[in-house]
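There are two complexes below, and they share chain A, which is joined by chain B in the first and by chain C in the second.
For the complex of A and B:
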């Protein structure tokens, strides 16, 4: 196979793949700025920021964010602590039990979240009853249950992150500290914890994100404290509005921003390390010339561009008023609706004409007067009765549509009232 | 005190040792094992109002499991066809989603694992960003796209490929796309981790010996990546069989996911034992299925989660 063909097909595949991955997020973000009441990209109506305002006035969303933050904090503390203990245990557990222990602490990742939620609910409900506590006790509190339920599996994630770093830890460091007279707690706090700090930080971020976006477990345990995810799910299930797109846009923007920031920081560290390594002896002795913050750091440049774009957008949002455009669109929509009504009416008229023509053919001269025809014109001749119908329907449409008072053109000529109408 | 406990406390000190042991025991026994056992026990009990719990009527029964198979007593049908059909449909659909994800993710994982350069880092970030967005919002995004007046319908109708809106949601296409979308990362990363460690010389050698590209994959890369592939598949299968948000948001009105039945038993019917029984059935079936498939492809349990 041709090499360049292979390369092109790889790039096409990558493009399609990332389109599938990122396209939905981009489209969702764009719908947050369309004034259409249903989140959609086309037809594009007006650029608007009203959905953001609506979002921040929604008490349920704000309350959900508050609950999510409380629960996230509790989950981070509990699951990082349990994950660290679990990881320490894994490195020193007696070998016979190791495989069993590992299976038990890794299992919550694979157990469906629904099952975890149910088992937490059922178990603590039973404990609650065994202790003889009422339905409003601490053990049946939504926040407590949610933290417990989420920590069950989030601690496993934390354990995996922490154990990866713990495996590189030299146990001799702790032993040296102990030999020098430190207590076990001191050795843990001053030697092990600083070594583990980067891993603990990433485990905490992971735990918070996992807690913040969890739905399956929380939906059984939240009780009276719905989290943001629960509120969103209820909103999305019972009718979707662009206010949700606005929230999604904020989350996407924050995520991208922090990802870029992190990337810029890492790149910066790498560049500084490289500069130190390549520096000559006198440079090291004197002042080392570090590369400037933006040199060779595309991510840092992007962070700044991103920040400027955000400020611009917020600035525009405060100054911009889409009222005129929205009014225009509404007017246009009204016109379209009227046109459609007109079309429907004409179609109906056409059908009626056909039917009447058929009836006229069948019935011939013995046509009975139709009660529907109250135009005040004689019904003797079928063609005339058609004309009468026309005028009647035109009167109807001009009632619905006040702008053109008389658009019938021909039908009203036969109408006895036409003269008055013209005045 | 047994020797190993003595060693453990000698090594960590009494205070630290107690703290570690306490946390680990709370996690493994208090949060993992006991709740599962409690749910198992609960699933064998009848649904009673709170005052009667522990009373003479509170005896073990198989009723909840019978209900899944035979339906309500005195019902018109011999079997509970509605729930059973939902159950098997869920399993089959989860398998399909897993295979779909495996097929689309393998080339990406191979590409990311075997090529070098700074653009790999950008791709990695682009992969992770969607995963940080809320599960509900991801499903919502797909609903905007697949809706009746959504982007896809507008696009295809504009191009004149079809002229009435195609109902993606009723045909479950939105649901499968959403489930696949939700778990792509869990499929890519285990595979990527394994493929990254594959020595490029092996591929070079196979190429020099005249193997065509598909045979290189079949005989060199895939056997090497088997642990990664199996952990990715296990995770995607378990999570999509247990998914709740995507079916609730993207599922058609007539199609249910088994987790939705469990949810209904808990929240609408208020029949907790019944819901617990359904959850047990789902959990046990999924575990047995995964173990059977792993036996079939000769993968060890220890390879999972590496």
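For the complex of A and C:
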């Protein structure tokens, strides 16, 4: 009795936890497929893939992705190299200094990214000037600065990952290599590096992700090479479209895919290792055929399901035409809008009459606030409407508003289409 | 070359800060010898080996290999190969790649390496196992791979740091003979480190007994067993009964010892101490359990000890009798089993007898911990 209550609470807790964790992502992903001009899940208008098309026609986004990839690669190379050097140093350094050294090298993680960005900019600008180079020199290049700036703290992350593996390294292996005639460089390349390879791979993935999503530091250093996050931030400033949801969906899908792929690979290695323990070489060679790739490997099955789903969706997208649906919805919207405008006019008329009556009573000393017109902002910023009708402004601030958005305080401000219509 | 390359340590000191790990070691190891360093844990054996292989520079003194001073020559340039205490096989390389690592360094082709690996795998009795990973081998097999890897580098001197310590008893005994055979086949100098006196005695041409950084004695196994220099060597190598006391009288190479609890006993002065011991010196007399025999009751004299039997134990090749002499002095006696009938003495008083040349006197000193 008590026990089952506990179990139920755990499930409820888990459900809430995952809802909190994944809910926003799921909702955002769904909005990418709604034809509504503002990213929303309801009211559901039409299933559409147009936002993906729009996304891939947006030169700034594409350029941002390109810059992010270049900078990500640069950061991976620099951070992993510095992280490895730092980690090796940590194991070599005089034991008494180790704690101090560790603190110093971890410090960049604790320093706000903004500070790192500014200091990178200032520091390299000084150096640039000291060397007497112009504003277009390599040292003030956005890609160089961003890579350097991000690496200041990403290298520390890498070092943490690498140190963990390095601590499991038996220094006797290097000694054995030296003893067998290897030079220090050979021992490093042939023994230590292969041992560190899995950790280097993890560190590289980590560094790439950290670089890709970084905003704080990059915002000071990007110069003429805005990264994806920078572009997104600038875009959102002018209004958010479902094309951004589409991008989010792609990123989420890729993440899930690679996570599953990795899981499948690990699981497979485990299965192979288990098989090796009680099977001869010939048996094994026969065993590792494709079907057994799935045996007891749920992740592998999911990867395949995922791939099939992707193919299906892309196939549907190319064949599917939501044109008719969108036209219907638009018509309906226009109707609603006209009704609404009508309604507003009546309201305004009524108010004016009321006010005129009041002014006539008071003698009309005050200046009349200008009644706001059919601007894109609707009536939200007009003091009248703010005071007059609170429910209107509330509507505008909630994204998942179930009421039709045309009635909201923001009007269609985030919808480029409607902006054009109104003007 | 036929005699192999010798190794000499001259006045070797190794310090870690204030701590002296090796104190004034002087050792001459002949080329082609199987030489062992024997001593308890932490006495500096590994340290000496690391100085020979080049991982440690001596604080003072010299390491000579084949007569050449090795100062400033790194481990990768010395004609030595070390088998590490934990083997240090490369975990990510297959067995054959492990074995031929030294060839890979020199740029040998994969085909050459495979061929050599197969030869060595045959030699260590692991044919066809080259494609396994070290983690897929048993402890004894790994051991042999480590030996093959070191031999593949064609060293003049092979250094082995307690390579058998991780193995179970049966395998250890088997590997002892195998190691000795390999050494005789390849004819190079082996320097072997162990804290197991059985290992040292069975395999070595010569043994150095070490105690806390100091070498007490260098000799062949028989000498060390029968004629120890120090109390430590006498108590560390094999089992021994110790009688403490003072020298009462020196008679040539023999001495009469006034023991603390067992009366006056006579014994031979160990060779290294002959002429150095005089009356009144603190001394220790050692008699091995198997050197005692049960004497007829009532016998007395300077090579008889009386004792009461506490309990007895049958070990197969010997009967062990645990007795208590006067004043609670514990004495162990081992009577060889050659099928004779053996009566139980438990609770009885017996007289023990030894022959003078089987009892050894050395100056009083530190004993090996039990």
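Everything below uses one rule, namely that the second predicted complex is superposed on the first by the 322 of 423 C-alpha atoms of A that agree within 3 Å, B and C clash if a C-alpha of one lies under 4 Å from a C-alpha of the other, contacts with A are read in each partner's own complex, and residues count from 1 in each chain.
The rule is short, and it goes like this: contacts are C-beta pairs under 8 Å (C-beta built on N, C-alpha and C of every residue); 3 or more make two chains touch, one makes a residue touch a chain.
Given the structure is predicted, the values throughout are model-derived calculations rather than measurements.
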item: Combined model on chain A: chain C and chain B, fit or clash; value: fit
item: Which of chain B and chain C A:172 touches, first, second, both or neither; value: second
item: First, second, both or neither for A:183, with chain B first and chain C second; value: both
item: Touched partner set for A:194, first chain B, second chain C, both or neither; value: second
item: Partner chain(s) touched by A:334 [first = chain B, second = chain C, both, neither]; value: neither
item: Contacts of A:316 with chain B and chain C, given as first, second, both or neither; value: neither
item: Per-residue contact with chain A, leading partner among chain C and chain B; value: B
item: Contacts of A:269 with chain B and chain C, given as first, second, both or neither; value: neither
item: Where chain B and chain C come nearest after superposition, their Cα distance in Å; value: 9
item: Contact residues of chain A, present in both the chain B and the chain C interface; value: 183
item: Chain C-touching residues of chain A, taken from the complex the two chains share; value: 170, 172-173, 175-183, 186, 190-191, 194-195, 276, 281
item: Residues on chain C engaged by chain A in the complex (per definition of touch); value: 53-55, 74-76, 80-82, 84, 86, 88-92, 101-102, 104-106, 131, 136, 149-150, 153
item: Complex contact set, residues of chain A against chain B; value: 1, 10, 13-14, 17-18, 20-25, 27-28, 31, 38-42, 81-82, 85-86, 88-89, 92, 94, 99, 101, 103-116, 118-120, 122-124, 126, 129, 148, 151-152, 155, 160, 183-185, 188, 209, 212-216, 219-220, 228-229, 232-233, 236-237, 240, 244-245, 247-248, 251-252, 255-256, 259, 263
item: For the chain B and chain A complex, residues of the former touching the latter; value: 4, 8, 11-17, 19-24, 26-28, 31-36, 38-39, 42, 50, 53, 104, 107-108, 111, 121, 123, 125-130, 132-145, 147, 149-151, 154, 181, 184, 213, 234-235, 238-239, 241-245, 248-249, 259, 262-263, 266, 272, 275-276, 279, 282-283, 286, 290, 301-302, 304-305
